[in-house]
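Down below are the structures I want you to see.
You will see two complexes here that share chain A, one where it goes with chain B and one where it goes with chain C.
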Partner chain A sequence: MKNNRRAFIKLAAVAAAGLAVAPKAMASSGGHSPVKANPKGLHAKQWAMVIDSTKLHSEEEIAKLADSCHKIHNVPELTGKKEVKWLWSDIYPHTFPEQENPHLAEEVHHRHYPLLCNHCEHPSCVRVCPTKATFKRPDGIVAMDYHRCIGCRYCMAACPYGSRSFNWGEPRKNLDLANLNPKFPTRMRGVVEKCNFCVERLAVGDMPACVEASEGAIVFGDLYDPESPVRKVLRERFTLRRKPAAGTEPCVYYVI
Partner chain B sequence: MLELALKGSKRYYAWIGFLLVLIGIGFTAWVDQIMNGLEITGMSRDVSWGFYISQFTYLVGLAASGVMIVLPNYFHSYKTNKHMVIFGEFMAIAACIMCLGFIIVDIGQPTRMMNMIFHPTPNSILFWDMIVLNGYLFLNLLVGWTCLQADRANLPHPKWLKPFIYTSVIWAFSIHTVTAFLYQGLPGRHYWLTAILAARFLASAFCSGPAILLLVMMATEKFTTFKMPKNALKTLVKIIAYAMCVNMFFFALEIFTAFYSNIPGHMHSIVYLFAGEHGHHELVGLMWTFIGMAAIAITLLVTPKLRNNLKLLPYTLVILVIATWIDKGLGLLIGGFNPTPFDTITPYWPTGKELMVSMMIYALGALVVTVLFKIATEVKEEMGHSQELPCGCSTEDNCDCTLECGCPKDNCTCEEEAAEEAPAEA
Partner chain C sequence: MHYGFPIIAGLVIFIGLLCAPFALGTGKTYKQPEVKLPAGEKECIESVEFMREQHMVLLDQWRDWALRDGKRIYTNHNGKEFVISLQNTCMKCHTNKAEFCDKCHTDAGVSPYCWDCHTQPEGLK
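Moving on, here comes the complex of A and B:
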């Protein structure tokens, strides 16, 4: 009996010592080797976007942006109510349902507005995610870890802007496999996805794909840098945000 | 004690076999879902939760409702309920298992389920919901099983169990509150964004849950020698009556707030549900059925003569269960997603496969209930607790009518006598 106990204590001590050493051994094995940041990468405190709807408002123009976004991110092409989309267009009453006005200028009412994730400053999707698969980066971008997501779709219920899509089926079935963008991963079924403000492009010094394709109609920059192009437009033009009452502080602004 | 579940009549085995067949059929649909993903369901980008989550929500109510028997017994020493307590607890176990089942079939990547534990995220209500559901399951297993074992050995219930029992009573409220919080804290979903939602959840749980329990108990009486004590039954029916009234009162509060304030967001969901919007009328008929049946159920429950009519009672309860199910098991969820964030309507209807998977989980729940109730009734029979007397009374009723007393079976006067002799001890 006594011997047994002594043996056990010894064993426990050895195990504890092992545990204490293990992390160091692991560290030296290169599991967490430092990653060098791309010197060309773009940085901000909070990325934001201003969309000039006086310049960009037809369905076709916006479809072009959506196309380039969906192509480089390997977004599956689906139609109907199970569709997956990162960037799309809709009419005024659907875009600003709480800011409707029956006597609005016809033209404003009939414009199409580009819709995408607003990368909110207080994102409700991040608040509800039970696995941190949706998280906010230090640069304000609300990003997704597709490998962490369990597909509970709580974030979809929480987003007041309908910005998220779920892969109800196998997304690769609806992709042009011959023309994939090899630089961006495809997704598996059962996970949620959405616009990521092109973090992968910002990291190498490029502007988001839609900004580039918009030919000046979309401005992108740091919301907390008074000198940024975004702040310049916000100072000069009147802008709207979608559903300000939801308290999420969307970072996509619309020049009306 | 599990061995008690293994010996049974032919009818018992036939029922178990039937449930297993249902589970098997549903399982094929589930395998299909695992192979092809949730695309086999009717859910969509706009209505991203469907039948699974709404059934989960409804069943949490059933789990929480057991407390309506447990609480009077332990907090108010209302001993008339004593022999019903175990059934409330066992029902809660089955309900918790069904709830967990519905969550598992609903998530897109079930193999990653443990991410919720590996990466605990206290700011997510889903994390807390997992904790309270599993905790409640554990508490009821522990309390129910230990008490029954003590009963069987003719021993008093162990003292160390007390703290667990009191915890479980409070816990029961938490499971439904936390489940309501799951919905209630979301910006932009006006039908759910109401401080009274948790209260509504509890009110509807405390009428629909005991109603389902009573229906199951009535079926149990048919097949076993167990008999519900009349006073316990009456108390429970009164609780159901009050809870249903409160439930509908809360609903009326929502209607007032929405329409008197005239705020579009608050009205739209209700208008869609009860009148249809943008040319969509999918739920209008059902929602009015809910109102109609709720009115009938309340009328039958608050009129003492109709409430005490044991022949009528099962029908009353069925009407109530259907009404609350339409409200909470269907309308609440679909009305929450519609109108969508774009102020449009995306109709949702479960697909056949979705219903089959749901059937699998319901059958699983029925199996658990059957086995647990079988064990409980066998033990009660061994102990001679709450057994049916030939005249239809329970041995707990202080009813001295035996066969010799000559009481005809369906006209037992013992009931009134019992009521006089043993007034409710509340």
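Moving on, here comes the complex of A and C:
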């Protein structure tokens, strides 16, 4: 009897040790967590952008930026209601509808302003997404996981800025297949897409494409680093953000 | 038994049909699809066995690591590092989707939708 109990307890101990080891052994293929960020990548607490609309305001100049963005991201060219856009332009009353006044300087009123996803600090699009296909990364970028998007378009309804587009049809039908950027995927029918603040470029240490193409009219940096170029401009110049009353805290600022 | 004959005949036909695939298949041996391996590379990012059994698990993990966690460098079981990317890492060696990916996928009757978005190295037509 005594012996038996001792044997039983020994066995139990071995079994318990086995249990503690087993999950690790079983997960050894996937559980070896072998990933890290690219050491060349750029990091921030909240990426933000300041666009100097005194330097960059004609439709053509902005179309050039949109072109470079749409080319490297294989954004299909469509017009009308099925349009897909990551960067586009519009006039003052549509850009800042809450900050209009009837006697605004004419030049400011008729200027074109580059528009894109604001990568809001409190993004309403993220809050409503039922599958978490759109989510906020630790660096503040509001990203899209196209693998997970079910095309319900709640995010489009929730975004106060119209920053998102839906792929009604097969996007590849409207791409120049001979001149795709082979490094970046295309999308499929039935997903929502938008500007991604060029996460794939930040990950390898490059600035966003539109920032590079703007020749200094757009600055990009960490909103929470007082020394960042973004904060420097914000300290020195008067800026506006789009629809502040929506409460989403947009991170794209406009020098007026 | 009423209708005895038709019932028995029906049963025989039914069981015959049920067994037909097995009967027709006997004697034939299964031949594995012959995939075209990369010419220049001898080693994949993990062992052949690992890739054969788990490439789909790995790719699934890769997409979450890269896209959702922002971790785009993968260290394999031998300590070698790779950039996490189906399009820019895998397909750089496996330069022919039709001769590599499709061969097995067609054979196994699976059609993953990776290439609805990721472009294959031979380009799109």
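In this section, the second predicted complex is superposed on the first by the 225 of 256 C-alpha atoms of A that agree within 3 Å, B and C clash if a C-alpha of one lies under 4 Å from a C-alpha of the other, contacts with A are read in each partner's own complex, and residues count from 1 in each chain.
The rule we apply is simple: a residue touches a chain if its C-beta (ideal position, glycine included) is under 8 Å from a C-beta of that chain, and two chains touch if they have at least 3 such contacts.
Predicted model only: the values in this text are computed from it and were never measured.
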item	value
Contacts of A:N38 with chain B and chain C, given as first, second, both or neither	second
Comparing the two partners chain B and chain C, which touches a greater set of residues in chain A	B
Contacts of A:D139 with chain B and chain C, given as first, second, both or neither	second
Which superposed partner A:N118 touches (first chain B, second chain C, both, neither)	neither
First (chain B), second (chain C), both or neither touched by A:Q46	neither
Partner chain(s) touched by A:T248 [first = chain B, second = chain C, both, neither]	first
Touching partner for A:N167 - first (chain B), second (chain C), both, neither	first
Contacts of A:S228 with chain B and chain C, given as first, second, both or neither	neither
Doubly contacted chain A residues - partners chain C and chain B	188
In the complex, chain A residues that touch chain B	81-84, 90, 93-95, 97-98, 124, 127-133, 148-154, 156-162, 165-170, 188-192, 243, 245-248
Chain A to chain C touching residues, read off their complex	29-30, 32, 34-39, 41, 135, 137-139, 143, 145-147, 172, 177-178, 180, 182-188, 199, 203
List of chain B residues in touch with chain A within their complex	36-39, 41, 43-46, 48-49, 106-110, 112-113, 115-116, 119, 121, 123-127, 130, 182-183, 185-189, 264-265, 336-337, 340-344, 346
Complex contacts: residues of chain C adjacent to chain A	50, 54, 57, 61, 63, 65, 67-77, 83-84, 87-88, 113, 116-119, 121, 123-125
